[in-house]
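So, here's a batch of structures to check.
One chain, chain A, appears in both complexes that follow, with chain B as partner in the first and chain C in the second.
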Partner chain A sequence: MAVVTVDGKDIEIGATERLNCIEVARRAGVEIPHYCWHPGLSVVASCRMCLIETGTRDPATGKVTMMPKLVPGCQTPAKDGTVIVTESALVKESRARVEEALLIDHPIDCPICDKAGECLLQDYHFEHGQAERRADIHAFHSRRRDVGPTVTLFVDRCIMCTRCVRFAREVSGTSELMVINRGAKEEIDVFPGFPLDNKLSGNVVDLCPVGALGDKDFLYQQRVWFLKREANVCGGCATGCSITTEHNQDSVYRLKPRENPHVNKWWMCDDGRYGWHHLHDSSRLLAAEHRSAAGSTRQTIEWPDVVTRLRDDLKGAGSLAVAVSPMLTLEEAWMLCAVARSIDPQAFLAVGHVPTRGADESFPGGFTIRAEKCPNRLGVEAVVSLFDQPLHSWNDLLEHVRAGRTTAAWITAGHPEPWIDAATAATFADLKCLVVQDLFDSPLAQLATWRLPAAGFAERAGTWVNAGHRAQSFEQAIRAPAGVWPEGRLFWNMLGRRGLYDPVAVRQQIAESSATLAALAGEMPATGVDLRLQQLAGA
Partner chain B sequence: MKSTDPCVTWLEETPLGLAERLYLPLFIQGLTTTARHLISPKVTVSYPETRPTVGNPLIYRGVHRLNRDDQGRVKCVACFLCATACPAHCIDIVATESPWPDREKYPESFSIDELRCIFCGMCEEACPVDAIELTSLLDLTGKSREEMIFDKEKLLSVYDITKDAEPMKSKGMDTGHASPADLGGRP
Partner chain C sequence: MPPFTPVLLEAVGIPNGHTLASYRSRGGYAPLEQILREKQPVDVVEMVKASGLRGRGGAGFSTGLKWSFLPKDHPGPIYLCINADESEPGTFNNRILMEDDPHQVIEGIILAAYATRATTAYLYLRYEYPQSWERLQGAIDEAYAAGYLGSAIKGSSFSLNLYLHKGAAAYICGEETGLIESLEGKRAWPRIKPPFPAVEGLFRKPTVVNNIETMACVAQIARRGIDWFRSIGVPADPANPRDPGSYGPKLYCLSGHVERPGCYEAPLGITARQLINEYGGGVWKGRRAKAAIPGGISMGLLTEAELDTPLDFAGPGRVGCLGLGTAAVVVIDETVSIVDFLHNSCRFFAHESCGQCTPCREGTAWSLRMLERIKAGKGRLKDLELLAEIGNTMGMMPGSTICGLADGAAWPIKNAIKKFRGEFEDYIKTTNPTGWMVTDPVPALQIVGAH
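What follows is the complex of A and B.
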């Protein structure tokens, strides 16, 4: 066991752990300020903000020998006997000088900078900078440069930490960004004709410690201090990145990746990052509608009436087939299966349509965008197979309906993109009762006896199981639009359960009922649990 | 704050002296105040027949205005600091990229709910470009709630009406104050 001393406090680190001084200090509860270092990128030690005093303790005599000069904490490995001093006068003086140098040619345009409020330059200046500016104040301008379709660069706000350049080289592997010029004239730029245009480009905006890189989608939409943050999971593909949904007054403004070493590390893809706009699309279905007789027009129906009349309607229609959408959470899928079986004990349960697009895309930084564009296929499969063996797919369901073995169907979807064509939808044309729950109108929804609106990803609460068998629980970030009951609320009420929909209670019930999903019991860690690992451990 | 906080000083109530216990000296003191106001000049005015005089328009907190810059454009850079400072949450701004080459950001819409406003002047205090100011206009009437939500055009027109009588407060004292061009202008 190696022992490192941070400001007089002994910290034990594992023998195989390779940590730098910043990481060790963090364990001691000391934050060493840094701009250019990022745990997911290579070390350049160029910002000089993390300069600290280090020394070594002689194991035999216990005598500490300090280095005569300050060293960058990010570049200095911590090993047994390392002594770190982070708050000496020398270190403080050095930090103030670095801050002063960075601010000499920084356009202090914080009032119109989107980063203001979450800017490291601001934070560190308050904490480590000096109160007065010794340089002459000039009228500064931040030149703006287009570097790609989603990202814009405010050239003069940049502090040249080169995180974005390293990201493009090491993680996305596309190397669009570079440093041009030398010394005080250094700037970030792209080569003419080769813009920053890759599936991970949005991450450079998160990486930027100052306001130099701006997200065009978010630019000037909202000040960051108005945003509320909810830990969420991206529903864009089967990777299921941990994200933070940033919202205000039930409106999503941006999505940010949330650190999860098991899933997405620090990153997320642009498809997911900008994949929330459908939540606020004006063409969303916003009311539950019911058609009493074939050919008549649908009438809007109140949700409490849906709860009672939908059950009666399906009971009267005879045999039931249910498509459990892979967009639903585990809890919702489980409740839907339970509702279906309570209506028709022989109900045919199948996993809903699984949308796929292209092929899996992998990046050098170890990030994968899945072709499967739904977040919870594995979870829904696990739940459906608890109720109905063998497991049926969407195509099995279509065959089942074509063969005329069912007279009623309940199709849950909730896909942000069009997913069914008129020819496939026509399969369901002759049913006595067809329930469709979807975000948008579709050829299938046109045929529906009951057309119910679905919730979007940020409007749900529950658990999703990603392609790596990792189950992640999350809370609802925003309320669904007026007139929309999230699926969980409808199923909860149809099961006759009292009070508000409580996904945690349902999750506990699932965990108790199944050995394969037993790992879902109890408090879920923020990074989720690996169901396969838990099963192996259990066996 | 807890009662044990070192900032709190606990005092004992002083016991009543002879004069207080006799009651009459304090009674005379009170009556003197009443009598003084009876004979002093009246300060009440019969508004709206008589208009009250505004002492110092520089510190009077009346209807808001949005100042224009030297080219007649709205001076506001849509930084939301007034909306952040506002304790009544009565300012609503929609920001967008400015159509002008020397400015980065400007308010596409800017509205103040004058009925919700408590006229505390925090917006004026917070503004880094002296774009929002409180004028000495005190007539604030309307026939509907909607009418009392002043939009950008209306707030700019307040500036047009009042600019001669009340020049911009930042005029001539612009040292240390940023101009809109300093805040994100593009050369």
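What follows is the complex of A and C.
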């Protein structure tokens, strides 16, 4: 055990842990302000906001020898006997001077700045700055520079921390961003004809500690203090990045990556980041509809009626085949299988359509965007396997229908993008009863006896299992649009369970029913659990 | 003071002194051949350590000690970088060495490479020295042809390739880690230390960075011996255990308001006044000196009364200057406004700050703006306080920056304000009779910019 003293308080750190003074101070509950340092990027120690006093405690005598000069907390490793002082007059004056220096040329256009409210320059100035301006007063500029399709640079707000430049070099590996000019004339820029255009570009906006990099998708849409934040998981691909859905009045305004060392570190891709607009698309299916006979027009049907009549309709049709969509949560998938088996004990259960696009894309910083564009194939496979062996795929289900072995099918989908063509949909044309649950109309939904709207990713609660076998649970961030029952609510009611849909209760039930999924029991950590590790431990 | 016979400058004035033939006729390269035959690298390190040679690039760090920081038994490569970025205002001694006696420099480089086991050396030359480039490239070609460079030098098992690299003209490329970044093809942003270059330098391999004049001294130590070198200069102060002494000859660059500006070789420890009077023919036009910078503008200012300060590694520090620096003495006569001097200094550093560290980037620009305003007759006494605060808080020494450029920017500010405060106050009060006492922020001038 190594002991580090932070402002007089002893903190124990692991003997092999390599932490800097900022990280150790954080464990002691002390925030050392910093701009340029970020745990996911190389250390440059250039903003000088994290300057602190340090010393060493002699293990034999206990005597502390302080270094005569200030050192950057980011660059200084904390070792056994390190003494950190963050609140001395010297440190405070130094912080105030850095704040003053950063504001000499800053436009202080906070009222029209998107970052206001979550800006480190604002926060640190409030906490560490000095109230008076001492530098000359001059007219401010607010130059904008278009650096790429996703990002606008507000040149004069920049404090030159170079996080964005390092991100593009070290994490995305695309190196579009650079520093031009020298001294106080420095600016961030791109080469003409080589814009910031990569699949991780949006992360530079998160990294920007001030309002210099603006996200075009979010710019001027909402003041950040109106946003509510819900820990979520991105449904864009099988990586399943931990995210925060930021929303107000059931509208999503932006998605942000949520730190998860096991999955996405601090990042997310642009496909995922901007992949929420379909939630508010006006062409979404917004009502449950039923058609009594082939060819007749569909009638909107109230959800309580769906709960009772759907079951009867499917029972009456005879044999049932079900596609359990990899967009569903574990809990929803499990309830769907249970509902199906309660209707037809021999029901054919298959994993629904698994959308893929291109190949996996990996970046130098270790981030991978998966070709598999759904968040929960592994989870749905695990659940379906509990009910039906061997595991059937979507193609198996198509074969099953084509071979005439079923008279009814229930297809869950929920894909944000078109996923089925007319020819494939025609496979289901002759069934007695076809239930389609999806976000948007499709050739398949056209044929449906029951066309039910699906929920979008931020409207669900439950658990997804990503490509790395990590199960992550999340709450619903926004309510589904009026007229839409998320799948979980429908299944819960069809199972005759009381009260509001309770995904945690379902998860506990799943954990109890299967040794392979036992890890799902209990409280889920915010960063999820690795199902494989638990299985290994159990084996 | 007895006249000193130039050694480092012995080739100056000799026709074709820059050629290999001339250098050999003066005894050049013979020591190298002997050392390659008879001595181990560690012997060369020990020789240079024993000579007491301290780096001539500005910091005055013991050269032998620097070499011995390289990791032992490193599988290599180890790199040697020769710093010829010479951009410190007032400094031109490297240039004389490269133009008039390039082989002396090259022999020193080969010896240094042998001592450090480097088989690749880069000479980083500032862009503005085309003549040095030509002379060096000519000498390198001659040295290759004569077998002093290349593989198996003079039948030994030691090989060395020496590459000449031209910078793109920025002061910060002279800072050793800025130089390394620049050599790697990047923006010359000085690196944070540790790791020091001796452990992780060029291409992340152990690296030594030495100045041109340091290399010339190594060649002369090899030729004339340790005792000769230690017989010149100022011995270590026995009362100060941290003073390693200032041994050997030094090239002083004398410029500004003197009758005979030039690069003069003298023993370390000559006083500024001796240099000005005995070598430079006195302050020009029969005027008095107001001040002098002791070793490049970064080192601060000596007042007239302080001109008796010995220009060894310890001398300038005793009168509040940063150090000996590059031993470039620039004389400022009594007609010069110290406001103009400081304005010029601030303009240089605002232009040359690499812009990484907030205190340096903003502090150099802020101080320039204040000086611009003071010069425009809108100064306030408050500005002197602010300037002094910037001077006292910006730099590696207080810990607020990564490299020493900021200390170099700070020193002229704090020396000028401290040593010439009266002149600043008079200037401000007479040029701004109605506003000198204002303490609230004032409107900025429209700034055209440093360049």
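Everything that follows uses one rule, which is that the second predicted complex is superposed on the first by the 539 of 539 C-alpha atoms of A that agree within 3 Å, B and C clash if a C-alpha of one lies under 4 Å from a C-alpha of the other, contacts with A are read in each partner's own complex, and residues count from 1 in each chain.
As a convention for this text, a residue touches a chain if its C-beta (ideal position, glycine included) is under 8 Å from a C-beta of that chain, and two chains touch if they have at least 3 such contacts.
Remember, it's a predicted structure, so these values are computed and weren't measured experimentally.
*Asks:* Following the overlay on chain A, give me a clash-or-fit verdict for chain B and chain C.
*Replies:* The answer is fit.
*Asks:* After lining up the shared chain so the two structures overlap, which partner does A:K63 touch, if you call chain B first and chain C second: first, second, both or neither?
*Replies:* So A:K63 meets neither chain B nor chain C here.
*Asks:* Could you say whether A:V179 touches chain B, chain C, both of them, or neither, answering first, second, both or neither?
*Replies:* A:V179 sits against chain C, while chain B stays out of touch.
*Asks:* Report for A:I112: first if it touches chain B alone, second if chain C alone, otherwise both or neither.
*Replies:* In the superposed model, A:I112 contacts chain B only, not chain C.
*Asks:* After the superposition on chain A, what angle is formed at the C-alpha centre of chain A by the C-alpha centres of chain B and chain C, rounded to the nearest 10 degrees?
*Replies:* 90
*Asks:* Does chain B (first) or chain C (second) touch A:R498, or do both, or does neither?
*Replies:* In the superposed model, A:R498 contacts neither chain B nor chain C.
*Asks:* Which holds for A:Y220: it touches chain B only (first), chain C only (second), both, or neither?
*Replies:* First partner only.
*Asks:* So in the superposed three-chain picture, is A:S142 touching just chain B, just chain C, both, or none of them (first/second/both/neither)?
*Replies:* Only chain B is touched by A:S142; chain C is not.
*Asks:* Specify the partner with more touching residues on chain A, choosing between chain B and chain C.
*Replies:* The partner making contact with more of chain A's residues is C.
*Asks:* With both complexes superposed on chain A, which partner does A:A45 reach: first (chain B), second (chain C), both or neither?
*Replies:* After superposing on A, A:A45 lies in contact with chain C but is clear of chain B.
*Asks:* Using only C-alpha atoms, work out how near chain B sits to chain C after the chain A superposition, in angstrom.
*Replies:* After superposing on chain A, chain B and chain C come no closer than 13 Å at C-alpha.
*Asks:* So which positions on chain A get touched by both chain B and chain C?
*Replies:* On chain A, the chain B and chain C contacts do not overlap at all.
*Asks:* Which residues of chain C touch chain A in their complex?
*Replies:* Within the complex, chain C touches chain A at residues 170, 187, 192, 350-359, 361-366, 369-370, 373, 386, 389, 393, 397-402, 441-445, 449-450.
*Asks:* Taking the complex as given, what residues does chain A use to touch chain B?
*Replies:* Touching chain B: residues 107, 109, 111-113, 139-144, 219-221, 223, 225-226 of chain A.
*Asks:* Report the residues of chain A in contact with chain C in the complex, numbered from low to high.
*Replies:* Result: residues 43-49, 51, 69-72, 75, 93-94, 97-98, 101-102, 104-105, 133-138, 159-160, 179, 181-186 of chain A touch chain C.
*Asks:* So in the complex, which bits of chain B are touching chain A?
*Replies:* Contacts found on chain B: 77-81, 84, 95-97, 104-105, 128-129, 178-179, 181-187.
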